[in-house]
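Please find the structures below.
The two complexes that follow have subunit A in common; it is paired with subunit B in the first and with subunit C in the second.
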Partner chain A sequence: MNLVEKILARASGRARVTPGEVVVADVDRILLHDLSCYLTARVFEEEVRQPVCHPDRVVVVFDHHFSPPTEEQARMLQENRAWARRHGFHLFDCGSGNIHHVALHAGFIRPGTVVVGSDSHTPVHGTLGCFATGLGNYSHAALGLPFGKAWFRVPELVRIELEGTTGLGVTPRDVALFLTGQIGEGGMVYRALEFAGPYLEGLEVFDRWLFPLITVDVGAKSGHVQPDERTLSFLAELTGERPEAVRGDGDDVAEVRGWTVDGLEPQVACPPTVGNVHPVTESAGVPIQWAELGGHGGGRLQDIRLAARVLRGRRVHPQVRFNVVPSSRWVFTQALREGLVEDLHRAGATWFPPSTGSNQAINMGALAADETMVSTHARNFPGRNGGGRMYLASALTVAASAVAGCLADPREFVR
Partner chain B sequence: MEARLGGPCVKFGDGVNTDVIIPGRYLVSIDPAELAEHAFEPLGPEVQARVRSSPVIVAGSNFGCGSAREQAATCLIGAGVRAVVARSFARVFFRNCINTGLLAVECPAAAEAARDGDEVWVDHRAGRVEVAGQSFAFTPYPESLRRILESGGLIPYLKQILAAQAARER
Partner chain C sequence: MATFVEKVLARAAGLPEVIPGQIVDVEPDLYMSHSASWRCIRALERLGTDRLHDPSRIAMVMDHISPARTAKTADDQRLCREFAARHGITRFWDVEAGIAHLVLMEEGLVRPGMVIIGTDSHSTIYGALGAFGTGVGFSEVTATWVTGKLWMKVPGSLRVEVEGRMPPGVTAKDLMLWLIGRLTADGATYLSVEFHGGYPASLTVSERMTMCNLAMELGAKNAYVPPDDVTRAYLAERGVPPGEYEEVFPDPGAGYVRTLAVDVSDLEPQVACPHTVDNVRPIGEVAGTHVDQVFIGSCANAKYDDLVEAARILKGRRVAPGVRLLVTPASRQVAARIAREGIHADLLEAGALITNPGCGACAGDGGAMADGEVTFSTANRNFQGRMGSYRSEIYLGSPATAAATAVRGVITDPREFL
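Here is the complex of A and B:
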């Protein structure tokens, strides 16, 4: 069996499972953010009204609000807080960071487990060798909270093999954007993805992270990396405990697709969708007013380091507001220790509290109709951040563009 | 849920995303009628009126891509939509349809054949879509999921099971 089949077989108490079957599986972790928590709580308390089966498996992170801007939002957070406390869930309040980064840093994600959440980018936890996927709130309210379970149709697995070496100024984020464009939105509907190959295996855990992150945007159900020595030592360092690794047998793969990263240029997802990916050179010169490091895929320590490489000794362009959002308090601590907070501040960037950044413009990041933003975020659909146009890129490209005042090829800044 | 349901359709193209179906700012509501007022709001009042008067939505590939929000399905129920027939669905949207009791049918040939405004009827047990007199086959739901769908979604399904359990224990 492959990794997904092994995990789902164990979780549903079967010797084996095959693609297409519907199974009811035990859920090891339920992740809720401030928006989904509110809805799940309402459905659960108004309609289901059952005791919670495993409160210690539920993690709530307020990441869309780092501080409520209206009384209505303050009330919503207050209700969430009271609900989480009443049931004894793990609660991370405003200012903790992005839901997925916080869950990982706090040691809640273990290889071989089933992780679900209402956030559509929940599959990112496959980075550590989980079966992780996004479900609607009804799933949590009706099956997850009262019974610790969820139903799944067992997906077929596609292995994506990446090989080659990237050139100067080309980062794992560029490779992930390139793949999204190559596979296409909806190119992998209902399937599970296994990211593999020498390029991917050579990356550190938080760079591998960018690959399962694209799962939902190519339509797939889950995405993972087979746990290896790097995964296990990462977890041992994080939690002080070396977990058992579950690995697939290497067979039972419906399809194998391969790409080389040799000669790849820095990539940008252009409006209006995440799959509209082109080399940055095709969009270079487009004026921008906003730049941001943040979101599910940005605000990592790696992103902040990359931005500092560009910004040291340079200034953010006077027509650009460059916002930096660390993905967790841990990232901010590390950035402080490495002097990166001062580097970016001196260059004219603005630091925001750990959170999920301008995603859906709840706390920040609304655009006027004729404004343009370039960011490390995961989505750029029209209307998501008010008006305006959104480009998605690597931290290097975001920082280079913030300096240039327009979309810029980062290779000219990191020579 | 009736075995056969349908009526005139409104047709969309490929890649209709959840930010278009129900914008993020309305997501604090779980009331289908209230959500329905904002369904397809980014496409303007004419499209919204068409959706409200069409029991069937026909779409291209990857309908419902983007966020995992259930309201993308419940707002359509509130607007009076009974079935969505598409070339393909984003998986979370498809799942949310089952869990909220909205019939979602993947049938590329029917989605291709239907023109905007055509009569489209779906028999989900037989696995058949009729478009303006032509008939197209699709794979019916596995029984476990059909039971959830026919109960009107996961919550009513759960309530039925809990009620049956309580009756047995009495």
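Here is the complex of A and C:
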């Protein structure tokens, strides 16, 4: 069996499962953010009203708000807090960071487990070898919370093999963007993706992270990386104990697709959708007013270090505001220790509390009608941040564009 | 023989002397407008003119909402940016800069003897550097953009002589709250409040800012601390030599509406209770009151010295479980310095949520409360409904009291941590 089949077989108490089969699986972790928590709580308390089966498996992270701007939003968070405390869930209040980064950093994600959440980017936890996927709030309310379960149709697995070596100024985010464009939105509907190959295996955990992150963008059910020595030592360092590795047997794969990253240029997802990906050179020169490191895929320590490579000794363009949103308190603390907070500040960047930043413009990030933002965020749909247009790119490209005042090829900045 | 305000307004009106109650046309040296600048621009459009008297006297700072969270605000802010660029307004600070008052003072634009108007009631803060600062409406700022002039009634003056040695754990904020409690919110309505004596002379500019800022809550037209070597050093550090300003001092024997003598030697930490700034009690009477949120921010108390004061208590301790501690540095310079000196890390490790610089929760940019919630704040206003629900409460106090309160989760006397 492949990794997804093994995980779902164990979780559903079966000796084996095959693609197409419907299983009811035990859920090891339910992740809710401030918006989904509120909606899930409503359904659960109004229509289900049962004890929660495994409260210690539920993790609530307030990440869309870092501080409620209105009374209504304050009330929503207050209700969330009261609900989480009443049931004994793990609660991370505003300012803790992005839901997925917090869940991982706090040690809640273990290889071989089933992780579900309302956030559509929940599959990112496949990075550590989980079966992770997004479900609707009703699924959590009706099955996850009262019974600790969720039903799944076992997906077919597609292995994506990546090989080659990226050139200077080309980062794993560029490769992930490139793949999204290549596979296409909806190109892998309800399939599970296994990211593999020498290029991917050579990446550190938080760079691998960017691949399962694109799962939802191509329509897939889940995405993962097979746990290896790097995964296990990462977890050993994080949690103080070395987990068991669950790995797939390697042959039960519906399809294998391969790409090389040799010669790849920096990539940008252009408006209006995540799959509209082109080399940055095709968009270079488009004026921008906003740049941001943050979101599910950004605000990693790696992103902040990359931006610092561009920004040390340079200044953000006077027409650009550059927001830096650390993905967690750990990242913020480490960035302070490494002097990155000062370096980026000196270059003209502004630091924001750990959160999902401008995602959906709850606390920040609204654009005027013809303003343009380039960011490390995961989504660029029209209207998501007020008016304006959004480009998605690597931290290097975001930083280079912030300096240039327009979309810029980062290779000119990191020679 | 004239008070500070009589002398400074006479100069700005081009008159040999003025008396309280007289209406004069003054030529302000600086016109500050904050996030409401878009209103000034819209008002200018309605006036049907595009001619500005002197763009170099216009200063705009996008501080109240930073950055935008709605497309409407984003449009308004873009309007200001474009207006500033089109008119050659070089004193334009965008959403990353911080609170207007602090930005202008840090940039050396506020100098002794100046007359400054601003679209913010706490423009009295400029008195910390011996300037006349007062809050006006946005349409008045618009009119001043065009004419270079604004009419004013010359205020009478209140002279406060402050002596004594402030006890440890008690601050300029406590003095001002005590004074507001004693004089009430209209204790100095339309008066120029002058602070004299050994205590203000012993203070840093930061503490003088807190005093002049809070003077607004007495109803003051403006506030004033006489410029001295502390003032001159502050300005010199910002590239402003003494030759570039004219200090103004009241004459001995000038006429005051009232003179008040205060001794701070036995002062205790003070707290303004809901829902007015003059509902002030000594800390002992409110200690133990539950809080949900602590906000260290605003033009009253989010300067470097204030954050150091808070960090002294928070370092190595943790915010009480269930309490949210919001810290909003007053300006970019403050944010940079606390990062450099490890104060940011101390606050972060204590559990604080540190936002980007700006007005923050004081102006409704975050920090809203639901029904029944309580915030302890270092800001200058605690009116009902100011921070969210009409059924929430705001207590005001010093950064030290705020920090002690965050650690315990109930209003706490900071002297317990000394």
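Here is the rule we go by: the second predicted complex is superposed on the first by the 415 of 415 C-alpha atoms of A that agree within 3 Å, B and C clash if a C-alpha of one lies under 4 Å from a C-alpha of the other, contacts with A are read in each partner's own complex, and residues count from 1 in each chain.
Quick note on the criterion: contacts are C-beta pairs under 8 Å (C-beta built on N, C-alpha and C of every residue); 3 or more make two chains touch, one makes a residue touch a chain.
Just so we're clear, the structure is a prediction, and the values are computed from it rather than from any experiment.
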Touching partner for A:F352 - first (subunit B), second (subunit C), both, neither: second
Touching partner for A:P172 - first (subunit B), second (subunit C), both, neither: neither
Touching partner for A:N363 - first (subunit B), second (subunit C), both, neither: second
Contacts of A:G387 with subunit B and subunit C, given as first, second, both or neither: second
First, second, both or neither for A:E371, with subunit B first and subunit C second: second
First (subunit B), second (subunit C), both or neither touched by A:K221: first
Which superposed partner A:G136 touches (first subunit B, second subunit C, both, neither): first
Residues on subunit A lying within both footprints (that of subunit B and that of subunit C): none
Subunit A-touching residues of subunit B, taken from the complex the two chains share: 14-15, 17, 19-20, 23-24, 27-28, 30, 42, 61-62, 65-70, 73, 88-92, 95-96, 99-100, 142, 144-145, 148, 153-155, 157-159, 162
Interface residues, subunit A side, partner subunit C - complex: 66-71, 73-75, 77-78, 93-95, 289, 321, 323, 329, 332-333, 336-337, 341-342, 345-346, 348, 350-353, 361-369, 371, 386-388
List of subunit C residues in touch with subunit A within their complex: 67-71, 73-75, 77-78, 94-96, 324, 326, 332, 335-336, 339-340, 342, 344-345, 348-349, 353-357, 360-361, 364-371, 373, 388-389
Residues of subunit A defined as touching subunit B within the complex: 22, 35-36, 38-39, 42-43, 47-48, 50, 72, 76, 118-120, 122, 134-139, 141-143, 146, 151, 185-186, 189-190, 216-217, 219-221, 273, 360, 379, 381-384
